[in-house]
């Protein structure tokens, strides 16, 4: 039985708790959160206890930790967990500061522990199928990548202020998709952004819409378009053009009902937001984490993936702020 | 130059006139219609003359006739054209009376002339593609056929009264599709009908909705569903299940625009009605007719196809009226 | 805490066990199966015990039973559970014999217990959405129903022999869909069947393909087409034409990936078979059952629905065997 | 009767000749081409004569000219036609040299004649429908535009060398789509390009794949991705995200047949290339031209649109060559 501690009893923490509970051979032992009431409620619903971080790292029976607490706690918890020799699953980003993230990655490497960063899109059935088909050679060599990544609505400005900006908050996922699909690193990044949704976001020093172009070291091309508000919901698509064809990863819909009316033939809008769209991805991600912990699989991501996506986000932020093409 | 006479200057006559005018090496010489004004207008717009039927059949320079006049004139015009040795294109049905249609077919056979009956669906790009892929073996042996054939709205009751009933007026096309796709004849027909759209149609002794089942001589199965009113427009689909797969022939849409709104993801409704949906089919049909007349192609349909579809329509009518399974 | 006993530790029993285990406030107490090894394995994986039927019915702590054992045990287990005052969930059919099913329904009614028959399609997200939109008035009054219901492959002939025939085994689900969607009963049923897939099925006195037409008491029309083998997988669709529009319930696909190649633009085939396609439906069905047991919801189906679908299956069987239209 | 002269008897000239012939009240009088045989053949098939440019401009009966000859002849023919007071339709581009194009535009303005530049995509049924729905307010204010524009295969390098480069040859259409849909001008353009298809194109000093980002003067964003080879054919799509929704303009397919096989559910690939995809657009464009000539409609494009799209192409070329963001 693998015993696990979960940091964070919020919305994403609850998702992870449920997925941990469903893993055979795994037991959720602790839930840790500064919000004691939330921690207690989540712990009780899964037969776990609440405790604090120090206790978790001292408990040698805990083999793995899942970190879904606020971003500013990630690097510290990862570092302490690594030193305590525990396998780590942590939500993105490692940290908003690239240097701190690199230091944290050094600690993980030094400890030699597993550290999976929560790029859940890699486990989405549709996205993973596209990746597998590329690997199988269905489209030849990937040459161009077009990513569409739009939220249904903008969060409160308070969230924006703590988010690290649109590139570290939203596009970090898309930068990981880019690295995962193209299997290459960026040579140059160009980002231009605008505030099209909420002027308060501009006042907070951020943008809510952006167009990013990445050129890989071997000259292949990627474009990402992102906005914090799409009236029709959460829009998560990408397409990869290869030398022999194209693969498109489309949105998921709640149902396959079609209404033929006097107006149109209407299908469902996409799944509402990330908790719905990536429900299966979060489950598969956690299953993968415990496969790695149990020695049944090699980790598909490492903390380096977290650092490299963050480096891209930082480069994009610079490109947007300084209105220039950034070389990496 | 092949000289042609057209009977009928109404809606379908105008379509045929335009398509005849577009054939290279073909000249529309005459337009004949009891409505002299309509005949004159259509003739003038294509540089043709108006005349009467007798004159057409006497003019040995006329090699082909296209008959798009009212149903009650078809058998007589076909018979006279056949005796005059002219190639014949005629709209369905040959006649509303099966015996008269058979006599007419005898006359055509005796004369040895081409007589194409206007089952334009065979020339529709989508339907023809399905047929070609079946012939190529894409789905193995066709085993089940499901035909959906719905009009956007019911015609005036006056039309209904002269129409021969829903089976001879609407389903005759579907019966031809059945014979064309399954390449077999019906062993039994079962039809049940209802008046769901307009009570005046029931008062006229007809139904406006029907479900038909055909069993072929070798035990394969077909179902047809038809109604005179689909709120979303003209619905023309069929699907063929074969031993190795299925082919679906879908509706055509005016555009490939998609609207993603707060309500739904909405595509266009189907093309409005037969003149829009089968525009390409009518053109291809007429091109085929003149390929046959010019000796460049063998006719894909004969008057026998018209008679056999009519026999199915008659059997279905009997099944509906007498509430019994009809054997053929 | 609602304590539950599960009858049947086979493929569908395992699905139900998992879904029972996921219900909050519900505990799987017993697993009963003539195959002791299977019962033990399933019980252990959910922390339950194995026992026999008599013990279940004697244990007053057991408030509900879920019956997923072989068809020939259903009526007896339902009757005994009803007498013991337990809430009942039972897989379809109630029994292969209509009279026995009716007697069983009488016992349930006399006992006044909940008895949900496992028509899981009613809980499928797509099917349920179509039902809800009809109720909301999106298409006006439902007038025509077309059901496509095809299995990916035929079962062994041994299964066929015990199945009660294609109408009681496969189409009973479609008959329930008909009653649920049209909210009316059949006035007449016509069924014609063929053996198109496996001659051994014909030798066993059954057919493997059928076309069924149902006319409701108020003259609305339904067609069902079914076959035991579709090369492309499990095909589960229906469409309802109403006075104001049409709703289509389509297949579910494993992913939303599209491959654009030199050949075609290719989407996934449908989910492989019922365990995949109706995975969400089975979960929602069991959640509904416990909502009913806990008094949070009224049952959407009763044993009468099981009996009425069976009566339709029997009428269809008679129609097929006797080559006649059957009146109900 | 409007008499017309056509310059250019090549592939696109033949399309225009056919469309001119189909306009009511219009007569194709002359065909002019340096290839006398091609001119004669095209002229004869439409009952026109061959002649030279001087004769066309001297013939006061000629009210309109259609220019589909090689790019290097456009500016001269436009200028002479303008001076002769004739209405002008000309294929894109006005000229490969921006200054020459501007001088030519001055001549047109001075003459006060109609000069429609052949941006046929504006007349495509799908693209035009998207434009109309934006105008109707279906998606609120357009904020982001994503254009996918891919050719099925690269042309010979000889063509590339005369083409003016990918931005003036291919993307000029996409730049016009950008201006047409966003109804704003570019503030900055960023283009990065690669040679991914054919090294000979690189040797010729051009690229065959590019990613372009345009920022409008009011901060809205557009991305264009283009390549000279898509294995699955001609890919012509765009999508516009607005404040209230999104409109997508999709590819057109030859048929609406779907093959459900053991592998996949496969639809047709897109129409093969521009002559197929834009067949309806070319017809509608010519009809619009003669509506303008006859005074029945105001021109939807002017020579200024040709000049402005060319200016964008020049800016993109500079951005690509000099690896910098270009301000306009």
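To keep things simple, chains are lettered A, B, C and D as they appear, and every chain counts its residues starting from 1.
We adopt the following convention: a residue touches a chain if its C-beta (ideal position, glycine included) is under 8 Å from a C-beta of that chain, and two chains touch if they have at least 3 such contacts.
These figures come from a predicted structure and were not determined experimentally.
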item: Far-end chain from chain D, centres as C-alpha averages; value: C
item: Contact-richer chain pair (by C-beta pairs counted) among A-B and A-D; value: A-D
item: Length of the line joining the C-alpha centres of chain A and chain B, rounded to whole Å; value: 57
item: Mean-CA-position distance for chain D and chain A (Å); value: 42
item: Shared interface positions of chain D, touching two or more other chains; value: 139, 230-232, 235, 244-246, 259-262, 268
item: Chain B-touching residues of chain C, taken from the complex the two chains share; value: 139-140, 143-144, 146, 148, 150, 188, 190, 192, 194-196, 209-211, 213, 215, 219-223, 225, 227, 229-232, 235, 241-246, 323-325
item: Sites on chain D touched by chain B in the complex; value: 125-126, 129-130, 133, 138-139, 244-252, 254-262, 268
item: Chain D contact footprint on chain C (complex, rising order); value: 230-232, 235, 259-270
